[in-house]
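As structure tokens, here come the structures.
Heads up, the next two complexes both have subunit A, just with different partners, subunit B and then subunit C.
Up next, the complex of A and B:
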């Protein structure tokens, strides 16, 4: 596919992303109103004005940035409609389907209010706003899965296959891992058939995501002292560097320190630099945040890749998502009156 | 006897230059259109950037003319 036009537009869109100095200004705002006033000077103005008619405060920000994100992703998808790359871009955007289904299932499990669940979803994938609204209206986990099956959505299959185990254990991770595994295996099987450079670029990114997920799983398994057989089934297959054998050898060390030692001389060496106090108390969230940062940085560094390939859309999608997450974090921290230090720790700079 | 080598050489010099210009301008033109769609203020700059590969075909033309004029 010819990416010259698409990538030039995406680079133009990139120039409207909030830079570090603007993020600093947002951080320094004393309250939510001044934060909204500052955001109205940016590309979010249009959506903030629309959302301002019906909502106020944090909901206004949440609705506006969510709509802006979805509109941006749909714009990119429209640029390449009908081209070979559409299939590849759909793989990336389908991540949000998985995320949305997980959010709805979690929400249904704790019996959250449908509108609250809907607020946490991002209709950027195959499931649009109308479909998500219908899903959140369902009374429980079972009916959500049934509705997905009725619509013929492929994600219903892993959920149905694992639902029996979920009802026995009431452990949401069973369904979440089933969804993740299905998504990654499906993505890799599509990419395996495609030998283009674009497919190779996307495959590298997907494999990095798999590695990050698997290493997170290993660390959690070590902390929770889960036995080998049970842990092994939670590993997502597809990576060459961190295959099941390597992951099991990480697990065998039995301690977080041991696993980190094994990760030396790998791209995940940065985990060894996490402060000792977090390692001592086995604070997995600190490791997860660092790995999230690594993933975002790796994806956004694709802007330096082949300028006439899918590398640019991949980088932009991640950069935009990170920006939206950062705005959400800033807004939430303003409401919770968290310290600036805590706020900065939660942000990811790209 | 007519020596066909000279006009063929001139033709190759001009033709390959034109082909190179075409390929370069197609890519720059597409990227330029994308840039202008997002940032209309870059229109003037894009016109200049699209025109830059013209130097290839001009050089090709000059070389072809030199072959024809100087060697005939």
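Up next, the complex of A and C:
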């Protein structure tokens, strides 16, 4: 697959990512205004200026970085429009489509006003702002699914298949689980047909994500004492190392400590080093943070991979997403006057 | 007759005052009992609220406020509470049905696969806060009503003690004085009549 042109452009974009020293400078800013002033010297200037017309303070920063993220990902999609590589890259960006579809369905279920729903979407995937606007205009859940099916969006399929159960139970989780599992199953089935090196790289990344999600699920169901058979429904299939059997054996331990012990000789050994105080109170967010860091590090390390492969876009997408998260964490912690230690704990460094 | 009536009224007022005092003592005892649990719950609520706010802040920072709002669409629904009542020394206080709002991972209305543990923890802490607020609503209402009743009873006791009983006693005293005065007048009059009669008898004898 041809990634030479895309990767050349992405390398240019990568140079505009904030480096560690700039993040340190942002952390050391005394207030939000000086943080905005510093950010205005970076690639976020354009979006900050636009957002400054309508918003101020933290909202200005959040809107600006969100729009910048969307603009960046759309730019990458435009580089490869119509090429074979588009199919692979959209797999990564489809996670935003899933999130947006879920937001619209949730909003439609409670009959939230369309503008409120639209505010909660991030059009960084295949469905652009115009498509999302059209979707939120639909009167109910059924018509949203119908419109997705009319447009030939693959995600309409699990929704149609599970709609009957939804109408019987009125439980949005039915549709959401169907979407979440379909995302990974669909990604793996697309990649299975493709024997290229790019597909292999992407598959490795997707499987790592599946593993991370499944381990998180195991820890969460252990914490909430959910029935083993019930929990099995929520495992995402596709991983070879952490298949259902292995995940069930983790669950059988019955405690977080037990599950962590089972993870000792796996790539997730780092979870056993989490402070005992978090393990004692079963603080899932502490495990989640470490797993997210692991995932981000693994994705960003792809910058060192084959420079003519999909590795570079994968690394860039994750690096950009992490950067936006880091800026938001710094800004939010600044307005809450949190200590530097707490701020650094919340950050996801690359 | 009137004096007997007044004395009966004084006795009744004094009995009433004593009963009200006893009621007030019982209410105060109950008031302090409820207050202890309210102040304990208040401290707990403040601590829980701080922790919940902190979780919310971290979730907003890492997961983006729009993701949180999207998750809130899935969980937005009304709360139904069953409220009955009971009497404490004649004071009606509410009893709010104890319902646990802290939900299980599978009961929040969204797929936990697409929602981070941070958002779950935030939801869990706010649910626990809601539990405590409802318990507090019951005990604080009881406390307020007991306090109101204590104030009213104290006013009644004071009214009996400071106004009604002294007034009745004053009236009884006045009646007593008037009767005594009348008795003395009658005695004097009788003595006077007796003297006149005796004088008349003497005059008749002499004649």
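As a convention for this text, the second predicted complex is superposed on the first by the 282 of 350 C-alpha atoms of A that agree within 3 Å, B and C clash if a C-alpha of one lies under 4 Å from a C-alpha of the other, contacts with A are read in each partner's own complex, and residues count from 1 in each chain.
Basically, a residue touches a chain if its C-beta (ideal position, glycine included) is under 8 Å from a C-beta of that chain, and two chains touch if they have at least 3 such contacts.
These numbers come from a predicted model, not from an experiment.
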| said: For A:282, using the defined touch cut-off, is the partner it touches subunit B, subunit C, both, or neither? Pick first, second, both or neither. | reply: neither
| message | Under the stated touch criterion, which partner chain does A:122 make contact with: subunit B (first), subunit C (second), both, or neither? | response | second
| request: For A:9, select first, second, both or neither according to whether it touches subunit B, subunit C, the two together, or no partner. | output: first
| field | subunit A: partner with more touched residues, subunit B or subunit C | value | C
| message | After the superposition on A, what does A:234 contact: first (subunit B), second (subunit C), both or neither? | response | second
| First (subunit B), second (subunit C), both or neither: which does A:98 touch? | second
| task | Could you look at A:224 and tell me whether it touches subunit B, subunit C, both or neither (first, second, both, neither)? | result | second
| message | So in the superposed three-chain picture, is A:146 touching just subunit B, just subunit C, both, or none of them (first/second/both/neither)? | response | neither
| request: For A:109, select first, second, both or neither according to whether it touches subunit B, subunit C, the two together, or no partner. | output: second
| task | Mind sorting out which residues of subunit A both subunit B and subunit C touch, each in its own complex? | result | none
| field | subunit A contact footprint on subunit B (complex, rising order) | value | 27-28, 30-35, 37-39
| remark: The answer for subunit A against subunit C in the complex is residues 62, 66, 98-99, 102-103, 106-107, 109-110, 112, 117, 119-122, 171-173, 176-177, 179-181, 213, 216-217, 220-221, 223-224, 226, 230, 234, 236, 283-285, 287-288, 325, 328-329, 331-333, 336, 338, 346, 348
| remark: Touching subunit B in the complex, subunit A uses residues 2, 4-9, 11-13, 15, 308
| message | Under the definition above, what is the set of subunit C residues touching subunit A in their complex? | response | 57-58, 60-62, 64-67, 69-71, 73-74, 76-77, 104-106, 109-114, 116-118, 120-121
